[in-house]
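Take a look at the structures below.
Next come two complexes, and both contain chain A; in the first it sits with chain B, in the second with chain C.
Up next, the complex of A and B:
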């Protein structure tokens, strides 16, 4: 009996404290990964799978039919897809450029001139960014309305003035109903909404620039404009790269503003139809989930390439170029 | 004496069996609906439970768009749909594909037996190209022309001359707009085209495709050419408010400001007008048939049974009650004002009463006539795509960027690309 008894192992019994020390971190980070797998990774993988199939949502998952690359070729030969890409590019430019052209000097002015009011003014400019899109649309519909809008009333009133009156239209402009104006109207709303966000980015960039540089420059007799040109702009490049990249991606994925301002119709001449809107329409109203999935991957490629180009052209010298 | 215990025993056994059966057969039926249809189902329950005391009905009401999105998801995944689902006309074609919904034309449902009791155009709306039927019609939206009596009077134009033909609609419409500065004849010129596209179809034709899937949109098809021509004339005469679709902000504002002389819509529009859209103009609006002896429908609702339902028999019992029971159909009309799909219900005395908002006009009689004359249209699964493409073409004609032949040729090619 004695012989069968083995000596106890020297190993300690695993204690609760060991266990929790080893595994607690995994437990704590697991919510993110569980949510990410369920709502991030899975949809992406499923979307890729879907893009090679023909499927109508509503018919059941068993009805999926493999069609190879047909969804992709269908999109590439669809004139509306190309038109939506063109609209997206125009809207991204029309709404992207002004955002930065306004935000940089604005941030500089707030940083330099409005020291005391800075927080308040920043908050005011940031407000559109956090306003609900539904509220925004109600306001802009009222402003842009063809027959009853405030913008047209003001423009018409101004055209009655002597001297400068000729600069303003005397006829009412159908902002959201005519294809010449739809894109500008949408771009105006986007600029209004995101300029504050960009200004905040630039403001944080400005605050990172050492004060001494400005002091040295003013000792050397540089004017405000020269300081802006030779100190602010070069040192702001890294943040400009980030802001432009964000605008680029956001601009190419533009959906909410044109969708709501055109009632989801794409507006006159389909000038407000962006690629994401067309994708949504292909899924929700054409019930062609496979084609919509393929479209999202094509848009992904476009965004990827443009971001890379931006990175090459702007980012490398911008991020490394503190010379 | 010896028989008494036996009798009690049998009695107890019978009683037990009856009670046991009753509790076992009590089924709960879920109904997925959207407003205002939920109030119709709610109103129907007392009457329904009198006939079927063993069925408990649970109403699951979601907002219009949410309801259809949730139904799409439920049918895609095969889980989570109610036993009875309401489907708006705009979504029927989408749900008709695949096998998510039960084919109620087959036994044990045999919906076909009720066909001649319903307004003729409703059944084809719920049928697929291969002859399956996915929904029972419950309400319809017969189209009518609404017009402002005071505006017409000011221009010395009679309602009869306005709707005699599309040409006289335009020529007399000019007078109305001229006599009422700041007003518009119609919210959007495109509406006229939509109506004309929906009339004069040859049998076996759908709106955009024929039975064998050939594309009908063509610069040589008189239906589309005329639709585009009339719409273009209205736009060029500056008669429309260019408001786009119904319920757009521009459309709503024009109504609320009282700047519209006429509007084409389903009979249900009166409900909106009196409740919020044109509250201040009560008694100034009246109704007539659409111009040029045309008849069209604006929407309608259906009830279907998802394949995944475990209570199909009970579901069908409820659907039959909601759609084929005359009293229930009349009750539904009184609840929401949605026009009944069941023909006998439209003969109820309530339809001969005047409509207070329309200055007491007996407009329901007109709408009933219209409902009987609306043509059945064959539904095609590609209708949503074709409709979008035709609308785009129409708008490019209206804003002058394309001519009619060019726009229709392009639309034809775009639709043909998709029809594979």
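Up next, the complex of A and C:
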């Protein structure tokens, strides 16, 4: 053990030991709180202040002009803002739902079907999560290419198959060039990236369910479906709640995938313009810091409300009994 | 063979241990394999495209095997962007952020786990609450503050705010609290060690696994970061690798072969890191969600 200590130093003053012992914990936790006040809390307060002012950052702090709620009403009467919110909501749903619908059965299959390969397979599924979103989006940008992309080639080839062929398109889809498809393309990338992460959450949830419960249930004559319904589902609920909440909060703040896939433009018909993208554009391209700040608060309200709804819908037992 | 009555429980055991290849199991394997192929495929095409010219990548059918253009793609890459400089910037940022995060989070985790002090519960609750604040609220003021500080194009605009994280402190508190016996700390105190001395000579040597997890998570996040660097770095020399890739995609006539070569060079270091330490990384990343 490396814990052996040098012989104690002679104490300089009898009070020093007490003094440093008393204040050490405050000193030790202070870096986080100093950083949080400087780069977390202060910016948010400043953001609130900013949202009631008209200001072009280039002009200096003196040019800040109080405008009351006008930045908020400007956003609320801006059709592009509403479109970005709609896009964000659709994208969050389109990319969020499949993640869980795939991840849960996948976690079951891996938990029940694999023994020795389990670590390897989970690592494979986890790869997209640790890869830079920019890299991923650039790769998918080429795969989504209209005339020559791999995805269209594969889909067209599959449409030639008997029986299941009808499920696949026989024409080439202009994924990133037509507004009907941009959102699906972005959603596919998001699903590809986060399904493995969710699968892992569910897998850790499944592994935490004691085997004895299933054994006791089968002794009592419960069928597999009943075991799933009355043991697995209720015990998986806390994890499900966490995973869905994370997807919801992440999905509503989607930025990098649509930004790269649409080359920063929002794509055909602005269908890939999310609210965070629009906020970034309002700040970086239109230099309208006040309006951008108000937009972030409006999005914050949306996130808050939807998180609360989600909480009500199936969170209650999810949060109970933690910490 | 014995005809004695067999108790219920053991009878069901062998059936589960020796799985038969029934339909359900086959469907499960098929699902797992299909998902794995779909997960790996984009990485495969990344490597394949990195070895082809732009016109080879966009032809019918698209290339599915390695080509011979890797040298030229690489030369075009380093001609268009200072790519090694960009990779170095990413590494510099990730190493500094990780180093400071490890130090400050372990220190604060030690304080929260091993001391009882006034306000501990409130402060820890506050710390957890900061994790719930959506990052969106911070984007515009962050950009403005960094502008005001004159930190545009300076790496410190990213690593200074990133020196300690609530997640990291939470992780370290959990680990230190559950794996290091309090008696050890008490004994060191009786021996006259200062609190920082205990941290350095007792806590740090015994916190290796948790530090590895936190270090990996922090490194990966910093290496992959995009929105922060997008706000801060404005000149090609200061770009991190993801920004350099993005800048290549922006221009007309994008050289996709060279770009894919850059993408691969950005992704490979993390693939290697992941191959070496996937268990630790996965545990660290899920810990925040499942134990939070």
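Heads up, the rule we're going with is that the second predicted complex is superposed on the first by the 272 of 323 C-alpha atoms of A that agree within 3 Å, B and C clash if a C-alpha of one lies under 4 Å from a C-alpha of the other, contacts with A are read in each partner's own complex, and residues count from 1 in each chain.
The working rule: a residue touches a chain if its C-beta (ideal position, glycine included) is under 8 Å from a C-beta of that chain, and two chains touch if they have at least 3 such contacts.
From a predicted model like this one, the values you see are computed outputs, not experimental measurements.
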Joint occupancy of chain A by chain B and chain C, clash or fit: clash
Which of chain B and chain C A:57 touches, first, second, both or neither: both
Chain B versus chain C as contact partner of A:145, first or second or both or neither: both
Touched partner set for A:270, first chain B, second chain C, both or neither: first
First, second, both or neither for A:283, with chain B first and chain C second: second
Which superposed partner A:73 touches (first chain B, second chain C, both, neither): neither
Chain B versus chain C as contact partner of A:223, first or second or both or neither: neither
Partner touching more residues of chain A, whether chain B or chain C: C
Partner chain(s) touched by A:207 [first = chain B, second = chain C, both, neither]: neither
First (chain B), second (chain C), both or neither touched by A:47: second
6-14, 24-32 or 60-68: stretch of chain B that collides with chain C: 60-68
Chain A residues contacted in one complex by chain B, in the other by chain C: 57, 141-142, 145, 147-148, 263
Interface residues, chain A side, partner chain C - complex: 2-3, 5, 7-9, 11, 17, 20-22, 24-26, 28-29, 31-33, 35-36, 38-40, 42-44, 46-47, 50, 57, 102, 105-106, 108-110, 112-114, 119, 121-136, 138-143, 145, 147-150, 153, 192, 195-197, 200-201, 204-205, 215, 218-219, 239, 242-243, 246, 249, 253, 255-256, 260, 263-264, 276, 279-280, 283-284, 289, 292-293, 296-297, 299-300, 303, 322
For the chain B and chain A complex, residues of the former touching the latter: 71-73, 75-78, 94-95, 97-100, 241-242, 244-245, 248-250, 253-254, 257, 259, 381, 384-385, 388, 392, 395-396, 399, 401, 414, 417
Chain A residues touching chain B - in the complex, by the definition given at the top: 56-61, 63, 77-80, 141-142, 145-148, 174, 176-179, 263, 265-266, 268-270, 281, 285-287
Residue ranges of chain C in contact with chain A within the complex: 8-9, 12, 19, 25, 28-29, 31-32, 35-36, 38-40, 42-43, 45-46, 49, 57-62, 104-105, 107-108, 110-112, 115, 117, 120, 123, 127, 130, 133-145, 147, 160-161, 163-166, 169, 184, 188-189, 191-197, 199, 201-202, 205-206, 220, 223-224, 226-227, 231, 241-243, 245-246, 249-250, 256, 259-260, 263, 266-267, 270-271, 274, 278-279, 281-282, 285-286, 289-290, 292
